[in-house]
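Letters A, B, C and D name the chains as they come in the text, with residue numbers starting at 1 for each one.
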Amino acid sequence: MTTETISIGIAGATGYAGQELIRLAARHPGVTVTHAMASGATDTPRALPGFGGIWDGEVTPLSIDRLAEDTQAVFMTLPDEVAAEVGPELVARGVRVFDLAGTFRLRDREQRRHWYPATPDLDVPAVYGLPEFARDALPSARLVACPGCYPTAALLALRPLADAGLIEGDVIVDAKSGISGAGKAPSERTHFSERHGNVAAYGVLGHRHGVEIEQELGRQVTFTPHFVPLNRGILETIYARTGSGVTDAAIADTFAAAYAEAPFVRITGDALPEIKHVAHTNFCDVGWRIDTASSRLVLVACLDNLVKGAAGQALQNLNLAFGLDEATGLR
Amino acid sequence: MTTETISIGIAGATGYAGQELIRLAARHPGVTVTHAMASGATDTPRALPGFGGIWDGEVTPLSIDRLAEDTQAVFMTLPDEVAAEVGPELVARGVRVFDLAGTFRLRDREQRRHWYPATPDLDVPAVYGLPEFARDALPSARLVACPGCYPTAALLALRPLADAGLIEGDVIVDAKSGISGAGKAPSERTHFSERHGNVAAYGVLGHRHGVEIEQELGRQVTFTPHFVPLNRGILETIYARTGSGVTDAAIADTFAAAYAEAPFVRITGDALPEIKHVAHTNFCDVGWRIDTASSRLVLVACLDNLVKGAAGQALQNLNLAFGLDEATGLR
Amino acid sequence: MTTETISIGIAGATGYAGQELIRLAARHPGVTVTHAMASGATDTPRALPGFGGIWDGEVTPLSIDRLAEDTQAVFMTLPDEVAAEVGPELVARGVRVFDLAGTFRLRDREQRRHWYPATPDLDVPAVYGLPEFARDALPSARLVACPGCYPTAALLALRPLADAGLIEGDVIVDAKSGISGAGKAPSERTHFSERHGNVAAYGVLGHRHGVEIEQELGRQVTFTPHFVPLNRGILETIYARTGSGVTDAAIADTFAAAYAEAPFVRITGDALPEIKHVAHTNFCDVGWRIDTASSRLVLVACLDNLVKGAAGQALQNLNLAFGLDEATGLR
Amino acid sequence: MTTETISIGIAGATGYAGQELIRLAARHPGVTVTHAMASGATDTPRALPGFGGIWDGEVTPLSIDRLAEDTQAVFMTLPDEVAAEVGPELVARGVRVFDLAGTFRLRDREQRRHWYPATPDLDVPAVYGLPEFARDALPSARLVACPGCYPTAALLALRPLADAGLIEGDVIVDAKSGISGAGKAPSERTHFSERHGNVAAYGVLGHRHGVEIEQELGRQVTFTPHFVPLNRGILETIYARTGSGVTDAAIADTFAAAYAEAPFVRITGDALPEIKHVAHTNFCDVGWRIDTASSRLVLVACLDNLVKGAAGQALQNLNLAFGLDEATGLR
């Protein structure tokens, strides 16, 4: 049997998510990295340090024309205003686009105006690509808005319970994130000496991932991200109230049903997840504890922000979009 | 003016809190470390590695008699059942005792039976030594139960607001702790390779510090501690609801009034605290954000678990108990 | 074409090297993990935490009989005295053995008596399995002594130069290692709070890996390992003297010739290697700087101690021993 | 007794060494921080985050006039070209200057031209302020060039042995440094995600601290610094050859004699130093191992780069320069 691989492009290949995409795509048997491009049109072509023997290509300047001519699918990790131009243009020229930044995630224009002020007026229909809940929509999607790293963990933990009516009222998502989530541009807040031995909350009561979780969950969310001194991984501790009479078994059954066919969601029950078990994998692990007397439910979810929270999930979306096995290249 | 220093003993001097006590006491102008003892009666006397030029004494075997004969005050960081024997005996012999473990903190016998099964039947009256709220009781206290590291941060953030009636209902305390809080005994959970690059929740819906916070606060608390990969420091993110109409200014005024005379509580307002600013100090920093539309209040409190959460706070209690300036030796 | 996979066993599967072996072997297309066994005969069978979806087997008690009956090759990460019994027995029963501990590495009995006192009297002929220099010997090897993590990096950097006569006299190997190299057993020296923010030399002028390097290099070596606060990875800074007139180009040419066919040695020239580029890979990166005026040569070599320094290299040896492509399952 | 404190200024107060100076000076009983200034004349005055209750002043714009008028001593942590202007001007106006940067350290103009190209033509006589070897010169010094962090550890370990003729030939200094040594300006090499889990050599065979050690030691030095993933602290492993017949006892005696009166050098013998014992202190710990058969000597020295390697040592120099007890404010 002859297998033709899917020709892909990566726009924004030098950041951490872009590099992880190259690393994963290079060993994905169903794709070929035809172009890995910088986020600017004038960047100098160059090899990626440390990629010898893994991927020996060069990162070239951004070119919509070359992407449109040579690729079937493009992954974008670009600044908002660049993505807003490149994405629709590629779609118009027949390329399927998987956006890893936030530009296309929020459906409400007022929310976009507030949280993505560079790109409020998009009207390209995008599929919100949380693959476990988008399997039906992905095969025909032209533009896939891959979820944020924080929303991915929160939604995988909360959506089945919310859909089943097991939780009531608002929820609190307290997230602890490694520093690679802040990207590759040096700054005071990503300076080693500022983060080592340190923990800090940021974006308290005002982070756009909170709005994204609210959009997908349809209920009020208090979201607090924190930087903790590690590189890769997010752990979220989620506080909710169940309806009265909801049992531990009901939670377990709901998760089991929701993720029976999901290769990358591992329900750990009361053996609560830890980042070390998901780092460098495409898994999202979800566990919980419940106090039935007070209806207090505490969920813990974790994932690797660069894999299931970014590059791995984008490839999982591509697999589903192109009819491959969902797990291809991601084990 | 002649100043006589207070002769102190440290029972349990080889653990992290005990070592920090020696380090602080060695430069405290009002105390002399007369005895630093191990937690067992048969330990071999030995110097502490790295203490040359800081404190050149030896840690000797535990001896109630020698403590009773030679010291005015003893700090205990001992196993529960040992503390339950040593503490009352020393008090009976006229020594003032500052306990840094948990044995004497819970007032309710049923709770003690559950959380400190080795020592349920104590009936020595102890002062709960959160110094900012125990200034009046300390001068006459014979036995001071120094608060846990987690409760210290939570109570300093919550008590003024609770006392002023500004918050309603239950609260959630999500704590991120450095690993020194787990003590000096090697174990799988404190093994470097298990904690590096990792975050994990523990004691979910069942940690005795949650009960301690509830005791002091008089309301329901959901408490979740986490290990994060750093050595010293705790940061707590606390979720509460205010009464309707409670403003940011009301919160600020309440804190300002509560801590006007407190040298070690720094109210940072909306510049949220970070562990790096309190590490190796006796400060507890408290900040917050409020969303008045939803009455959602998020507090952030942090401290160094070995200083304000243990050794520093114990010395602060001693200062107040013996009539010294509260900050002596702790700047 | 029908491919039958090689049936392998792992004896000592619960340590860090053993777990890494399972992880790598699980996705190696040419092998099947038939048995993963603990290092003791009485351990309780159990799943490995975090391995769901990666390898869903159970670690069972150690059994020479079952290994001998069911497997073609066994990887051993066992205590010396156990390895000394299990290894020869398996070889005698026709199983090919790849030992990852040190028992079979030293050829000199006096040295073994000193450094491996539990196992001085072995007389099973073992191939020293540094694959880049053992390609010819591996196909017929019955017992392969896989090199230590420290010697692997040192030898890959030094052997081509020594063989070509470019360096003179003794060498100094100053090694910086992540803590996973110390294994999985909790101890004071692997306690998180002892290692975080800390660097310490150990085994100075008396570490058995120094002897191992000397054996393979045939010259005097001063070897100093250090623990640095990270989990995976070793970087070695190596100090040597070149003969007079040796140029940078001569070094470069020698490396290029030595490793022209080596898929896992990357010569980086004066772009000196860093651990981040080799972590979680089977690469060993080698770079150098030379001061021709003083004939001073500084080499830098690094690798992941659990992959190229242990599990990956063992699989690389298996690939060569069984006639597979050297890189199978290791990209 | 009335004690007047010394009025000091800090020029370059916002960097890590500058902040540490403020922290130490604030509790030094013999000095008053009259001015803490930024490194530029146009910086906006501002408080230092986290310094509330420690030092409540503001960092003001750099002003030579105000320093000259109001202070008796100035500590400089300034860019080379600024230091070259400010230092001599202050000296000319009667202020004693302690420079923590490198500008004034090298005595040879050719070396300065190469390593400090912005400031080759200085001719202000400076005392090289390694206090353990500059006690006699400091009381009359007008300009003190405080040693670099790396040279401080290397020289404290090597100078007594070199002076006593116990070592022969060149030496190798392999240094492992925390990241705070790279300063406060964000850059790719100080980016958290680049350094976490990573070790890298830099400045190999070409770092100006190597030249500085050579100047003070009078022999050839191969110096290799490395970044290791921690914040504060340097550990140096030093390789030398002793003359034949030099014994362990001879080394011990030489150190004992050299540092009998030195409060901040701790000779640890064969209990090799570790960074954790010196972090946040002004100690430099030195230990060693010797193989008399091969005359190989391995020394290990460590210190906190921001204290004994910078701010603490500068204050130690001030103490000696102004006739205070050497250890004032530094215990």
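We take it that a residue touches a chain if its C-beta (ideal position, glycine included) is under 8 Å from a C-beta of that chain, and two chains touch if they have at least 3 such contacts.
What you see is a predicted model, and the numbers here were worked out from it, not measured in a lab.
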Pair of chains joined by more contacts [C-beta pairs], A-B or B-D: A-B
Identity of the chain that, by mean CA position, is farthest from chain A: D
Gap in Å, rounded to a whole number, between the CA centres of chain B and chain A: 40
Averaged-CA centre spacing for the pair chain C and chain B, given as whole angstrom: 46
Interchain centroid distance [CA atoms averaged], chain B/chain D, Å: 36
Shared-contact residues (touching 2 or more other chains) in chain D: 194, 196-197, 229-231, 274, 276
Of chain D, residues touching chain C in the complex: 170, 172, 174, 176, 178, 194, 196-202, 204-206, 220, 222, 224, 226, 228-233, 235, 237, 239, 272-276, 279, 289-291, 294, 296, 298, 300, 302
Complex contacts: residues of chain B adjacent to chain D: 27, 49-50, 52-54, 197, 263-264, 266, 271, 274, 276-278, 280-281, 283, 331
Chain C contact footprint on chain B (complex, rising order): 16, 179-180, 184, 186-188, 190-197, 229-231
